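Provided herewith is a single structure, encoded as structure tokens, for subsequent inquiry.
Here the chain labels run A, B and C in written order, and each chain numbers its own residues starting at 1.
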Amino acid sequence: MLAVIPVRAGVLPAGGAEAADECGRRVLLVGESVEHAAAHLTGEVRLCEAGPYRPGAWAAALAEVLADEPIVVLPASPDGRDLAPRLAAAMDRPCIAGATRLSSTTVVVPRDGGRTMHTMPAPAAFVATLQVGVRGVEPHDGGATVSWLDLGLDRRPIGAVDGGLADARVVEVLAPDAATVDLAEAGRIVGGGAGLRSPEQFEQLAALGVAMGASVGATRVITDRGWVGHERQIGTTGVVVSPELYLAFGISGAVQHTSGLGHPEHVVSVNVDAHCPMMQMADLAVVADANEVLAELVALLVPGAAAAPVAVAVAEGARG
Amino acid sequence: MTTATSSSPSAPTASIAVCLKWTAARDDAGADPDDDRFAGVSAADRAALEVALRLGERWGVPVTALAAGPAGAERTLRDAIAAGADRAVRLDMDADADSRDVAFELAQATAPTGGPCADLVLCGDYSLDRGSGSVPAFIAHHRSAAQALGLVSVDTDGPAADGVVRAVRRLDGGRRELLEVPVPGVLSVEGSVASLRRAPLRRALASRTAPIEVIRTPPAHHRGAPAIVTPYRPRARVMAAPAGDDVLARLRRLTDAGAAPARGETVELAPADAARRIVEALRDWGYLADHDR
Amino acid sequence: MADVDVDVVVVGAGPAGACAAIELARAGRSVVVLERGPFPGSKNMYGGVVYPRILDELIPRWWEEAPIQRWVTRRSTMVLTPTQALTVDFRSQAWGAPPYNGATAYRPDFDHWLAGHAEAAGAQLLCSTTVVGLLRDPGGRVVGVRTDRPDGDLRAGLVIACDGVNSFVAKEAGLYGPVDAANYTLGVKETLALPKEVIDERFGVRGREGVDIEILGGTGGVNGGGFVYTNLDTLAVGAVLKLPKLAAQGTRPEEIIAGLKAHPAIAPLVEGAELKEYSAHLIPEAGLAMMPKLAGDGLLVAGDAAAMCLAAGIWLEGVNFAMASGMYAGRAAIEALSRNDVSTEGLAGYERRLSETFVLRDHRKLRRAPHLVLSDRVQHLYPELITSVVERMFRVDNPNPKPGLRRIVESERRRLGIRRRDLARDGLDGLRSFG
């Protein structure tokens, strides 16, 4: 097994070290200022200086030199998720995305929005991405044996079509937007998931956040519904956060969500399903309707909020 | 018409294709594969369709909707026609065909020669059921085209003439990159990039009987191995020995590690009591001052 | 009738709308059925028993293809007090064979199937489309509908409103008088999952046989009734509750179902079942008293939209009334269109048909029933009277000898403070309605 880790500006991506560990520390770093990124790695480290990220050109070049590696693992970081399937295509192999465990005999992949886990025999040869944050990193000792691999990628013109392989051109790297920073650095976060009934409930969550000095986050289901902007999505494909306190309302705890959650000191989860992963993670797991609990919490904690109305079911039942 | 190897930046765009993955959401044993009631496409695919329609309007080029799947997928294609797609093509395949076979057929169908042609292919970033997000990259490979996956925004107001699409992709740590994706290219978008327009009434009515082109495909090449399906359980995390002098605190840090099994208290309470219990816990942990009561 | 997009627009693809569309499409009329939900039946909830015999006219041998769960071969009527239950149980094996009687079915299956027949006959079904207004000509005649889609106007020779209880279309057209909340009950239902073998065993049925239990009492202080129906591997447990009482008591409907499920006579039936779904819906229950005008210029109203649901204690039927009224509305529309007269008078054939058949006949006969069944006496006093009388009948109170029935009834009546006059009058009402 070999970990292929795309590197930008000398920085290892999230999950890079985990991918290396999953592959017994056999690593190929490819990208920009790779030597700098290798500083903290041990084991068998190969370095390939390749300039700025270019999935098409990289995949074509790597496919040739990696032909004898049956298992290639990338971290499920943004660049890893982008490069892995392209590499798999170039190598004519299946791509196993977002695995939580990989070995030469079996692979484990979460499916159905994180509700189920599929355990499959490993194909003879494949490319995979390893979910960020699922395994942790072992303490490192011993040094690294470093070798270089020159594919000439860094000397090719950027953004041009070469050998029939076009790549997109990076115009600009944008700094995190304010809202993202706010969430990424927040010590307390209230999060909402598909268990919330309507945008109004999400507004209540925001009000609760203000009252508690907490930022508001959401699962992908909620950002897909458009109730809140993208910058509020916590998880692998969203913002990676590390709060001390996390309050989860109607969130199942899919690995793509929790892997962006860091390791909060305290977790409260409100969910009707006592057994979902978010409840398993919680210090206080409350089996109840998240919408109603939220209304009650708002009544308790938000100054000036009226007590929750009681017999609203009649009005709601009017149109079904 | 541009071809795959043309690099002329001002080549006119001949057409746009959008790939819609149809999922039979109800997977009861024995469910009718043509029963489309609970089926649907992901928010991401709907967003892809909307982006395709906006670009099609902006550039004045036709939009083709494609789905690889059984007959049940045709309703999704009709919905795409209702929303404004100019034509619809179904690649006749099993609902559970391997991503590589699906991508190969989609790439064939969108190739500039033969089949319905497309220079820009739009996809959702991942499908609801298998969620690998690999189909767009495979299509890009087969088409030798540029790819930009998991986009968080696409500029649909840019000029058609300059042969690129501007889009924003997310990077680590909340950063993003602004890309110029050359056409031909393959884009995949997240669900909140755009919300699909309501189909006008008359188009919606007409779409019910609109023709859907069906392309027969050869038998599948690839078969995934059968999986053992279990409820999701997090994997035990390896932890570096925590630093610090306090043994108890170190132990706690270790045992609290993300994936430790059930670590706290589970209570089943009426909403009002639940709220009070939560406030109590927050206060115990020191997050609320007493005046918050 | 120049300048129309389609002969008839049917609003709502429930049982009423589907049957209207089947008739029209088969007669060669162009029909568009507009449905709010993503597919017919997607959001339609009801208790769970249909009586599809009226389909004999539309879909011969419907039982061979209808998506039913179980055939009702056992009907029980239960009278409950907090600690007692009296059950009248009837079983008929004949109901388990063609042409059958009642059946349990899921509405997302049943409505979808029925609407499929309309489409097969040539009707155009458009889902996820809500009617938000009526188009009228200068004379006030309805000439089409406005939908929530862009460019959403559809002009039609005739509109048939089958949009269910609280019909927006019928109200918009001014066919209803002032709406009184007292005319509606709230239906609430839980779907509970249990393995099929467990249901078979607990309810004493086999194969596709099923049970229908209607319950009087057991709904706490709120006037109403309850039901338990068997599907293949789920149970429907629900209650029909009088709105003003419910609001006044501030009780949540879920609590009432919870109370029902905890009753000693019900608890063993539902024990260990997993909650799959909770839903609530209004029922027009005042019958004839609340029916709107059934036709206007360019407009017919059928099914729940015309308050044709029959909800009277031991009966809870609406789907059959909806199918029948939809079918008759379709026939009347065909007639009116071919005579080129869709005025109120031109559409009078509709009400005539309804009057000649069970649709209005049952309602006339049972016009006092809903009021009677939901009255405070029937709700709170009679169950206690009946059960305590039976309890004393069966109690062996030796060394005392057995008392006579008449004496027991008298003393219990007096104990409960029921006036003899009221008892007699309710008895007569009951006899007129149910006799």
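Methods note: a residue touches a chain if its C-beta (ideal position, glycine included) is under 8 Å from a C-beta of that chain, and two chains touch if they have at least 3 such contacts.
To keep track of the chains, here are their UniProt names: A, B, C = Unannotated protein.
Being a predicted model, the structure only gives us computed values, none of them experimental.
Overall, the chain located most centrally, as judged by its C-alpha mean against the mean of all protein C-alpha atoms, is B. When each chain is reduced to the average of its Cα atoms, C sits farthest from chain A (Unannotated protein).
Per-chain CA centroids place chain B (Unannotated protein) at a distance of 42 Å from chain C (Unannotated protein). In whole angstrom, the spacing between the mean C-alpha positions of chain A (Unannotated protein) and chain C (Unannotated protein) is 50. Inter-chain spacing, taken between the CA centroids of chain A (Unannotated protein) and chain B (Unannotated protein), is 15 Å. Contacts with at least two other chains are made by no residue of chain C (Unannotated protein). Residues of chain B (Unannotated protein) that touch chain C (Unannotated protein) in their complex: 37, 197-202, 204-205, 208-209. Residues 32, 38-39, 42, 108, 112, 124-126, 129, 147-154 of chain C (Unannotated protein) are the ones that touch chain B (Unannotated protein) when the two sit in their complex. Chain B (Unannotated protein) makes touch with chain A (Unannotated protein) in their complex at residues 4-5, 7, 42-44, 98-100, 103, 125-126, 128-138, 140-142, 144-150, 152, 164, 166, 168-182, 184-185, 190-192, 195, 222, 224-235, 237-241, 256-259, 261-272, 274-279, 281-282, 285, 287-288, 292-293. Here chain A (Unannotated protein) touches chain B (Unannotated protein) in the complex through residues 8, 11, 13-14, 21, 55-56, 59, 77-79, 81-82, 84-86, 88-90, 94-98, 100-101, 108-121, 123, 133-139, 159-161, 164-177, 180-181, 184, 188, 212, 220, 223-226, 229-231, 237, 239-240, 245, 247, 254-255, 258, 261, 263, 265-268, 270, 274-275, 277, 279-289, 292-293, 295-297, 299-301, 308, going by the rule given at the top.
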